[in-house]
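Following are the structures in question.
You will see chain A twice below: alongside chain B first, and alongside chain C after that.
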Partner chain A sequence: MPFKIGEVVQASTSQFQAECYELHGSPPFGSLVKTGDGLIDVYAVVYNAATTSIEPGRHPIARGRDEMAEEDIYRSNPQLAKLLRTEFEALVVGHREAGCLRHYLPPQPARIHGFVYVCEPDEVREFSRSFDFLRLLLDARVPASAEELVAACLRQASQAHQDPRTFLVSAAKEVVILLNGQLDSLNAILRRIKA
Partner chain B sequence: MSLEQPKDNRLGIVVSGSVTRGVEVKLDSSSLVEGMVVGRYVTIQGERQRFFGMITDVSLEVIDPRLAITPPDVSDPFIAEVVAGTSTYGKLHVRPMLTIGSDAMSILEGPQPVKTVPAHFSAVELASQQDVEQVFGQVSEGQFWIGTPLDMIETKVRLDLGELTKRSNGVFGKSGTGKTFLTRLLLMGILQEGAAANLVFDMHSEYGWEGYSEGGRKVKALKQLFPTKVAVFALDEENARRRQVSADFIVKIGYDEIEPEDIVMLSETLNLTEAAAQAPYRLARHFGGQWLESFLNVEGREEVGELAASLGEHEATLAALRRRLETLRRLPFLVAHAPDNSVKRILEYLDRGISVVLEFGRHTDIAAYILVANLLTRRIHAQYRERTERAMGEDRALPRPLVITIEEAHKFLSPEIARQTIFGTIAREMRKYNVTLLVIDQRPSGIDEEVMSQLGTKITCLLDNERDIDSVLTGVVGKSELKAVLAKLDTKQQALIFGHAVPMPVVVRTREYGSAESYKDLGFREAAELKRRAEQDIEELWGES
Partner chain C sequence: MSLDLRQLAERIDEMADRLKVSQGEKEARLQFALGTLRSQAGAADALKRKIAASKTTWLVAGLVDGLDRSRRAPPCPPQFAVLAVDGSHIDVDRHSSTRCYLINIGVAHLHYGENPDALLFSQPGLYFGDEELVIADPLRAHREELVEGGLLGIKRSLEECRMAARLLMDSSDEPTLALLDGSLILWGLGAYPEFVTEILLDHGLLKSLDEIKECSRDRNLALASYISRPRSTDVVNALRVALCPHDPPDCDRHCSGAPPAEGRTCDAVAGVQDRELFDSLLSQGERTPTFISHSKIQRHYRDHEVHFFYLKVDDEIARVEVPRWVAEDGSRLDLVHSLILDQCRRGQGYPVALSEAHERAVVTSADRERFWQLVELALSEKRLPSQSSAKSRSKRTRWV
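On to the complex of A and B.
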């Protein structure tokens, strides 16, 4: 059973935002998550995460002057866990419809309150057998740079493969083709994923 | 793109090309550029047929020219591996030579010459042994093979000796590249398959009884391997005796057998002027059959002067000619009148299907060689011509094909004399009379162009002189590519073969020769084995009742 990490709170065709059940419990940057209604599973790559106050007007204030350790702050102020929340945003990179895995955008956006799961290694391996999703990542406008995102995503995915290096080499070759002529971006990615 | 591994033999895909230029192949990143060798065979799987071709060039390419200016950090193995095959890649130039169809009809017809190119992105593979065998034919027991293709030790390249002996052929290569070895092999092949009778003018006595390898090791030659099919004729009896070669016949040539044409052949070697080279014709008219002896007997200035006056020649010309011809007197095999007719003897042997190797012994100077080879060949040629014409008239079997082997061929076939001499005639037209030449030479550029173009099969070892390479490759399809292959041959044991005897140009590593094993391969049986076999035959015949 895949690990349920949160719930979709905002969704569009190309991305969705989800709130984590645990404070600071966001999946790693670049990891593959999925959400679905049983008919269509939407796959997405985490590109941003943030922990904020649940009320936009109320900023957290520093509380730890008299505490010895960081955990002590939460222990002395148990309400904090309820007043803060961790959210993450993910870029849709594919979907599975009727058992068939596709590396392009789904017909419908993810549903609000859809559960979000972290993909198991088996599923990551299956998904990353094709590199067609890299185009979607490279074209995305994300707060962190696209190069950071691609590199993080490949690093994450490589962990699911038996031979991470071979995987990274094949992926990087695809990146070279996609980034035809953009030597700066290419070098940036290569430096970030080299094993 | 996917993670699937490419097939073992796959090299890459066709990206461009034309029938005239050949095709360009982009190497897969999994194929090592340095593993590609010019001269190696590949197959290209087109949509309808398979193409069989040869790698003729290997080059390095980059996708973006900026990469060449700011190269990636390839000291990092990861980056080096990623960049290989994507930003940078190897490119092969392949010359498709033959097509192999897949239906029953085209398999029966065998490989056909290429008339089109494979479609875009057709997969290119290294040719397998099976492919090569399909092209060059499988070698069955008792058939002759010349060597193996590059990097294919198991596959044997067969020469179609029937086709080979139909036309004149050439063996070329720089000195020390293995011409003699190759020629010896070829002659053995012709003997082994009985494709023709050989007449070898063996300048350095290497083909008859035994020769020497480059390392100075003794190797068996024709007579030892095929004692019943080869006769050794010697010009130099003493030399043959010293080398313990039992010659079947000692050749003597009478002055009366030398004709003016033979002197024309020698004009370059004897340094005769044009006028001096033509004078023998007048002398022959004047003196008749004994012209040479009579002319050499004309002594003293006055007599020469009288002769010149009566012939209408310049006195100085005749005197010079006489002086030069005097050198012939020093050749001990030249006698006033030969006791036996050498030509007749040679023909007797050839008629019985026995090849004749004429060893020159110590007479290795080129004048003797040219004189004898020309003289004998002219008469043998006349005989063959007569017989063929008679055979055609009377509807009988044509005489047995004859292959005449000559060394230093440019001395016989240079542009100045090729049109006048018998060898030029044989090279150009004697195919009809079943006589062909096997010319061996290290300066093919010195051979008349017309003769070169008539050679059916050319076997060439390394050549590095531009003019020699050009002259060998005249009129060949894909000349510029073959040029690259030819100039890159190893100095030893490698040869490029192209022409009628092979379906397509092929670079071979010539088969090993000189070991007991190799002799056995060519049909040689030790005396002990022969005896054992004979005993076995006798036993089988009479049984043990």
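On to the complex of A and C.
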């Protein structure tokens, strides 16, 4: 059973934003998540996460001067967990329709309030057998650089494969083709996926 | 056109100048009040008798256990809860096509200790029936009061207390402080006929207070209300009684004519507020002894007669009011003292639970606007006339 991590609160064809059920419970940067309505499952890679106040005008303040551990701050202020929320944003990199996995954008955006699941290793393995989705990541404008995102995504996906190193070598070859001549970007990615 | 502040700048300066001039005189009065309080501390019983016999035109605090003995807060229990309730409302809009009002009750129920947790929610209520818009005298059909303005504020206080009572009935047995914002004394009722007091106080607030007291029968539960930066002068007025050369003091009898040029003896402490007095006397976290509020409306409060003490929290003196059954029980009073202080420490100087309850309760001007739009929409969907007043329309649709 995949782990239900949150719910879509904003969506477009190329990305969606989800609110986590647990504070600080965002899936890792670069990990593969999915959401769907039963007919179409949308796959996406987490590219940003943030924990903020639920009310724009109320900013968190430092509270831990007299506390020994960060956890104690939440114990002393039980309301905090209800006043903060963790959200993450994910780039859509593919979808599954009628059982068929496709590494390009779906016909419809994810649905608001759709549950978001962290993909199980089997599913990550299946999805990352093709590297067609890397183009979507490389072309995306994200707060962290596209190189950071691609590298993080490949590192995360490699963990689902029996031989992560072989997976990363294949991925690196694909990246070389995709970044034809862009040596700086290529170097940045290769340095970040080196074991 | 917005407020033209340039036109006010000169008057604001004048105001600041006048405050500066009066500062020295005020300080002298405060020092005199402090001296009087210290000199009376040893003769509290005599002062208590003098207060009991006095007839004054101002409210005088009743003494319970002296004047100046400060108390430190005991430690908090290892496990406890604070239930805070606050409210806000949308008043009847006479320019609207329909008469109704809204009361929004905000709740923060915070649990501390082994399993910390927080329950934060609000419950809005819409009131529109004749029986809700008007308080009618059950004995005289033609006498009634509209629930709006000040009376709606009182009705809201009732609803806050009712919510506290309801939640306490279902809450766990851990030591609990139920905390309300503002005064437990429904001062505003004095402006209305007696039947309004009977309905809102005797059959309203006091009923909820009875329920809370009943809940507290087998458990460590206390009820208090918190007033930030109080302007009350009950204790200073007790000093005025002490200073009065007449025994018993009787303002109408002895001082009814024009005040003497040199002022009355008791004017030596005029203008001093209780919080200024105790700011000089209390150390951080300490509270004063309890006092009794002697307002007329208190006659109705029975065993819930409101007592109060002042508490020093950071840079502020707060007034904490409790019903008599809390004031007369040392362990409950200690619970109030220690938990309010703890709440203020957690809440940057103000009880965190009250602050969160307020956040749930608050109705913004945007909420207000949306509410009235929704009302008008509902009326038009039912093909009912939704004509607002010309004045209201002119405010909403601004033109040149």
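Just so we're on the same page, the second predicted complex is superposed on the first by the 195 of 195 C-alpha atoms of A that agree within 3 Å, B and C clash if a C-alpha of one lies under 4 Å from a C-alpha of the other, contacts with A are read in each partner's own complex, and residues count from 1 in each chain.
Everything that follows uses one rule, which is that a contact is a pair of C-beta atoms (placed from the backbone, for glycine too) under 8 Å apart; a residue touches a chain by one contact, two chains touch by 3 or more.
Every value quoted in this text rests on a predicted model; they were computed, and no experiment measured them.
Trainee: Answer with clash or fit: chain B and chain C placed together on chain A by superposition.
Mentor: After superposition on chain A, chain B vs chain C: fit, no clash.
Trainee: Identify which of chain B and chain C touches the larger number of residues of chain A.
Mentor: B
Trainee: So in the superposed three-chain picture, is A:Ile61 touching just chain B, just chain C, both, or none of them (first/second/both/neither)?
Mentor: In the superposed model, A:Ile61 contacts chain C only, not chain B.
Trainee: Contact-wise, after the overlay, does A:Lys173 reach chain B, chain C, both or neither (first, second, both, neither)?
Mentor: First partner only, chain B.
Trainee: Would you check which partner chain A:Ile73 touches, where first means chain B only, second means chain C only, and both and neither mean what they say?
Mentor: Neither chain B nor chain C is touched by A:Ile73.
Trainee: Who does A:Ile40 touch here: chain B (first), chain C (second), both, or neither?
Mentor: neither
Trainee: Once both structures sit on chain A, report the angle chain B, chain A, chain C from C-alpha centres, rounded to the nearest 10 degrees.
Mentor: 170
Trainee: Please indicate which partner A:Leu190 is in contact with in the superposed arrangement: first for chain B, second for chain C, both, or neither.
Mentor: The answer is first: A:Leu190 touches chain B but not chain C.
Trainee: According to the stated criteria, A:Leu84 is in contact with first (chain B), second (chain C), both, or neither; which is it?
Mentor: Touch status of A:Leu84: no partner.
Trainee: So if I take every C-alpha atom in chain B and every one in chain C after superposing, what is the smallest distance between them in Å?
Mentor: The answer is 50 Å, the least C-alpha separation in the overlay.
Trainee: Which parts of chain A are in contact with chain B and also with chain C?
Mentor: Overlap of chain B and chain C footprints on chain A: empty.
Trainee: Under the stated contact criterion, what part of chain A meets chain B in this complex?
Mentor: It is residues 129-131, 165, 167-170, 172-174, 176-177, 180-181, 183, 187, 190, 194-195 of chain A that touch chain B.
Trainee: Give every residue of chain B touching chain A within the complex, in rising order.
Mentor: Residues in contact with chain A: 1-3, 29, 63-64, 66-67, 70, 72, 76, 78-79, 81-83, 85-87.
Trainee: Of all residues in chain C, which touch chain A in the complex?
Mentor: The contact residues of chain C facing chain A are 108, 110-112, 116-118, 120, 346, 348, 352-353, 356, 359.
Trainee: Using the touch definition up top, name the residues of chain A that touch chain C in the complex.
Mentor: 55, 58, 61, 74-79, 81-83
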